[in-house]
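The same subunit A turns up in both complexes below, where it pairs with subunit B and then with subunit C.
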Partner chain A sequence: MSVVETGRPTTPQEDADWSTSQVVLTNLRAIGGRAYPRITGLMREKSWVFFEILLPLLATSAFVFVYRALQAPAQYIGFVVIGGAMVAFWLNVIWMMASQLWWEKSQGNLELYFAAPMSIMSVLFGMAVGGMVMSSSRAVVVLAVASVVYDVQFAVDQWALLLAVFFLTLAALYGLGMMLASLFVMWGREAFHLTQLLTEPIYFVSGLNFPVARLGILGSLALGTIPLAVGLDAMRQLAFATAAFPVGTPEPAVEALILVAMTIAFLGASRLMLATMERLARKEGRLSVRWQ
Partner chain B sequence: MTLFHGVKNACYPAKLLNDRLPGISMPTTPVASAIEARGLRRIYKVKPAPVVALDGVDLDVASGEFFGLLGPNGAGKTTLIKILTTLLLPSEGTARIFGFDVAREEKRIRRIMNMVAGGEQSGYGILTVREQLWMFSQFYGLPRADGWRRVDELIDAVGMGDERLQRVSTLSTGQRQKMNFARGLLNDPWILFLDEPTLGLDVAAARQVRELVTAWKAAVPGRTVLLTTHYMAEADELCERIAIVDRGRILAIGTPAELKKRVQRESIFRLELDRLEGGPAALARVPGVVSAAPTAGDGGPVDRQTVAVNLVLVDDGALGGVVGALGDLGSHILALRKSEPSLEDVFVELVGRGFEAEVA
Partner chain C sequence: MTTTGGLDAPAWGGFDPARAERDRSGRWPAFLTSVRLGWQVEANWTDPFLFFIYSVAKPLSATLILVVMIDIISGGGAGPYRAFVVVGTALWSIVLSGLSGLAWTILDDRERYRMLKYVYVSPSDFLMHLVGRSIARLAVGVMGAIITIIIGVLLLGVPISLEKVDVPLLLADIVGGLWVILAIGTVLGAVSLQTRQESWQYPEAMAGALFLISGAVFPLSVLPAPMQAVGLAGPLTWWIEGFRHAVFPGGPSGVGGPGSVWEGVTGTAAPDPAIIVGALLATGALVTLAAIGVFRVSERRAKERGLLDQTTGS
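== the complex of A and B ==
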């Protein structure tokens, strides 16, 4: 592609014929390009400190005080703090991944993404990478501040597995977000209602502020379907190795495998749904065209 | 605008190049048309009844051509552009861009084309102009550093040096459109689709955008532009050929002059002379002159010492005889103006109504 002029005469046919490495590089660059606004936004919009750190800390603090009043085991304070940190990722997945393509469509960006030579999957990956960086900074701040303020004592035996579970949780979560993004763009405005509908129930069944196994069958179901639930549970077990967990709680290694399976399933489904969405967009003209 | 210059010349049709550069022989390898559409139909399945947006469009645009689609709102221009830019599939028919099928080879087409629409609000307001353009450059696979360099060059080329670090959310409509135009050139496309690019711009901003397009197009042979507009003057000024579109059909295709010729089969001139011995009747006898009549009083101030004549000729070629006859009569030409029909006249002739009637 003679984007940067090299002095070599070319033809449209030559310029349209890309090698595999050109295709791969373009998609990698597209991921970086789409991640850029999210990472830049992190630096420019200081209001996130208030909305995404101080406000979540209030909710976390409320549970800390309840557990203290009930004289619950000390590890429960830690459970709440980890839940408070991980909620940043769920909010990011729901609000800035799942509903993002719909917003991109209304802005006119989706059309330009389709018209560019990269895969739309790269756009979603870019959004995910940017979202992870953005949310990680928030999660780290919440975790650090709450741990210091409430004197959380971690007991980690398997650092490598803890880190692996953390990254697998992010992969599965953002895989889910990518899948939902395609669905939401087809559902249009209804997606926003669904987003609101999903927020609190997911908090509940994920055991954001308590061990999910306490929910019995519902908890088991959540562990098999919701990345936040299984990731949180595994991280809690690994971060508080000495704590007692309810009978029936799967081993962290098993939960890591569940996360791997979820990641593969969600990414596969999102690819399939994106392809369907693009086909529908081109066939029916109602997805990439703003007025339809 | 040195940036606009390049070396893409291999696909320029040899015939056109030979016509423009006599004496220079170019290889005559057949080159695919920039656009080739056959029997294109597009039906939107909407309630209460399906809408036929395109109804059997045949179109050929040569490589290197500046082609215009002129028609009122709802004529099908944007639908046609969406099909050609691979965003929409035709319900029937085929379309090819530089030989690539829009239905099956969309990836190849996307590598060599770009598009800019009027009123486009794409991108992210939190980014600066420079960052926004760089982000889009990454979607076309430019290496990181090359992307920044290309962006800086384009910003300078479109005259946005002062707004380089300004946030996109603070740009005026005109500035935004110039930025959009720069975005459309990031991948140095072979074919640029412009959908109402000056929509909503003030006169000065619209003129700037038109100048930018013209300069970019002229800098490298082979660059092709498809412009849709409902501004007749814009189409007239920019396009080498124009298709007049209405209700999903192409009603006529030709150069602006050819289209105007459809509604005016004679040439009309307004002459101002220092004197005319024998009056306009003296000119009426010149071969090729259909009629010659005094026009004083109908077209602005005419000095008492001058004679104004409305001259109808069978064609422009007859003007030479008139000039010769005036010399014989001892008259001097003070002013000569050709009176031409507008593209709107052509549209009215073809459709039976004006653009405004359609909009209303």
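== the complex of A and C ==
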């Protein structure tokens, strides 16, 4: 029998009463620990470079050639390039954030997360940090290579606002991912199918390859609900300040405020939904799958 | 005399060679069971109405993205090009679903259901089982494509006239095209046997790359000459060209046209049906042989390295 000598006898209640620094440090470790496999995974799976960086570059090129076939103004090619870069984050959010807890449930990890002494929000935040690093590599390559190959001429007047909009878009996107992850805890295979449904239909209503103002009311609805739509529109306005834009969308500063509101709303909702879904999942026995 | 303590082979020899051979008579029933299983996995997660919406939303949205792009630039004045794009995008939804079929079956069975090793050691042919499972996804893609074309005709001004359709060419083209898609899907299945579970997106990435060089939404003549040559070597290019040629005889060609490599080499504006079918068969046969070879190599490597029952995460 092994006994750990601690100097003074303690009760389980005293051991469970953590100081603030213990709580904070444990949650920070959880964030780092959950981000770690995604960042190191970049180096471990060599095929990822080919399939997740080089091939998407070709897919983006296809839309560039559609505009070339139509002899479109040069800035439209820039729109496609920015859309091609940002779609990396969207795909990461739906595949590796939204459906991740459902996936962890299938693999038998979810109950371990809930049993571990840290907030599940830290796990989600760690996934988001790792996912952002992972997706940034693809986004940077698509943006840099496509800009050079297709001679995209950016005209930026407000760099600070452009960077702010970019980071706010990421915050809102990953906040949405955390919210969907909470929702998907309760779901079965429909979560996987819904994930697939969040690709082309979202690309369309978000105006991935064209100014979203052209969609009228549908575009306005997207600007109010989908971070990808509002982020893309603001970044395009800021990156091509001299381009003639279809009217109908707010100024970039207003869109930045929309992104702030979305971030707060999504993070708050994800916290609330996670607690609710965890309670429901415990009650209905859905934290694990039967065969594990 | 040595004794084996009762462990001697029985009088009849103890080994029935017939039991070690694959029972080919059971191949088709096993294949049909795989198809049925695949369909249930794909379709029974929701009610038929939601399943219909799910099946149509992706291809229709992909089509609308391009239709809006065209209308923004042309102001609605690019009618023939719009029909070209609607048909190309609708067909591409079959490519997307067909390419993901085998790869996702492997990832599903290995990582989620953890059944791949049991399927592998069963008497069924492994590749036949995987192809059977992926047929369901292909069928979902076909359904999406048909509905997208119908919506294109009804709402987007695609001028398909049924009496002008070249039915023999269309049938030959459809059979050849579906075969080729399954062959390329087999290559991606071979890749998935080797990779981690993050490879869910690989089929879509591959389809995106092929989208560039297959003349799906713009004529190959827009591309630089070397890329046109690569496109001409791909069976999907000929499949899409054949379909367009069958439903819009005399319409815009994705392969030929002014300034194209095709025109430069052959001196003709566009390939005729016989050439299209011949090219589809030739390139399709090459891709099929390559796919079977790549799959067998991948299968052997997966067995050697114990990849058939690996589970991964990130």
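Just a few scattered comments:
Everything that follows uses one rule, which is that the second predicted complex is superposed on the first by the 274 of 292 C-alpha atoms of A that agree within 3 Å, B and C clash if a C-alpha of one lies under 4 Å from a C-alpha of the other, contacts with A are read in each partner's own complex, and residues count from 1 in each chain.
Here, a contact is a pair of C-beta atoms (placed from the backbone, for glycine too) under 8 Å apart; a residue touches a chain by one contact, two chains touch by 3 or more.
As the structure is a prediction and not an experimental result, all values here were calculated from the model.
When the two complexes are overlaid on their common chain A, residue A:F166 makes contact with neither subunit B nor subunit C. Residue contacts after overlaying the shared chain place A:T26 against subunit B, while subunit C stays out of touching range.
When the two structures are aligned on the shared chain, A:P37 is found in touch with subunit B and with subunit C. When the shared chain is aligned, subunit B comes close enough to touch A:A115, but subunit C does not.
Using the contact criterion defined above for the overlaid structures, shared-chain residue A:T10 touches subunit B, although it does not reach subunit C. Using the contact criterion defined above for the overlaid structures, shared-chain residue A:S47 touches subunit C, although it does not reach subunit B. Look at A:Y150: by the touch rule set out above, it reaches neither subunit B nor subunit C. By the touch criterion stated above, A:Q107 is placed in contact with subunit B and with subunit C alike.
Once chain A of one complex is fitted onto chain A of the other, the partner contacts of A:M96 are limited to subunit C, with no touch recorded for subunit B.
The intersection of subunit A residues touching subunit B with those touching subunit C, taken from the two complexes, comprises 37, 41, 44-45, 107, 109.
In the complex of the two chains, the subunit A residues touching subunit B come out as 1-13, 15-18, 22, 25-26, 29-30, 32-34, 36-37, 40-41, 44-45, 107-109, 111-118, 281-285, 288-289, 292. Those residues of subunit B that touch subunit A in the shared complex are 6-11, 31-32, 42, 44-45, 63, 79, 82, 85-89, 98-100, 107-115, 117, 120-124, 126-127, 131, 134-144, 146-147, 149-150, 186-188, 190-191, 222.
Put simply, subunit A touches subunit C in their complex at residues 37-38, 41, 44-45, 47-48, 51-52, 54-56, 58-59, 61-63, 65-72, 76, 91, 95-96, 103-104, 106-107, 109, 130, 188-190, 193, 196-197, 199-201, 203-204, 208-211, 214-215, 246. Here subunit C touches subunit A in the complex through residues 41, 45-46, 54, 57-59, 61-62, 64-66, 68-74, 78, 81, 85, 111-112, 191, 194-196, 198-202, 204-206, 208-209, 211-212, 216-219, 222-223, 311, 313-314, going by the rule given at the top.
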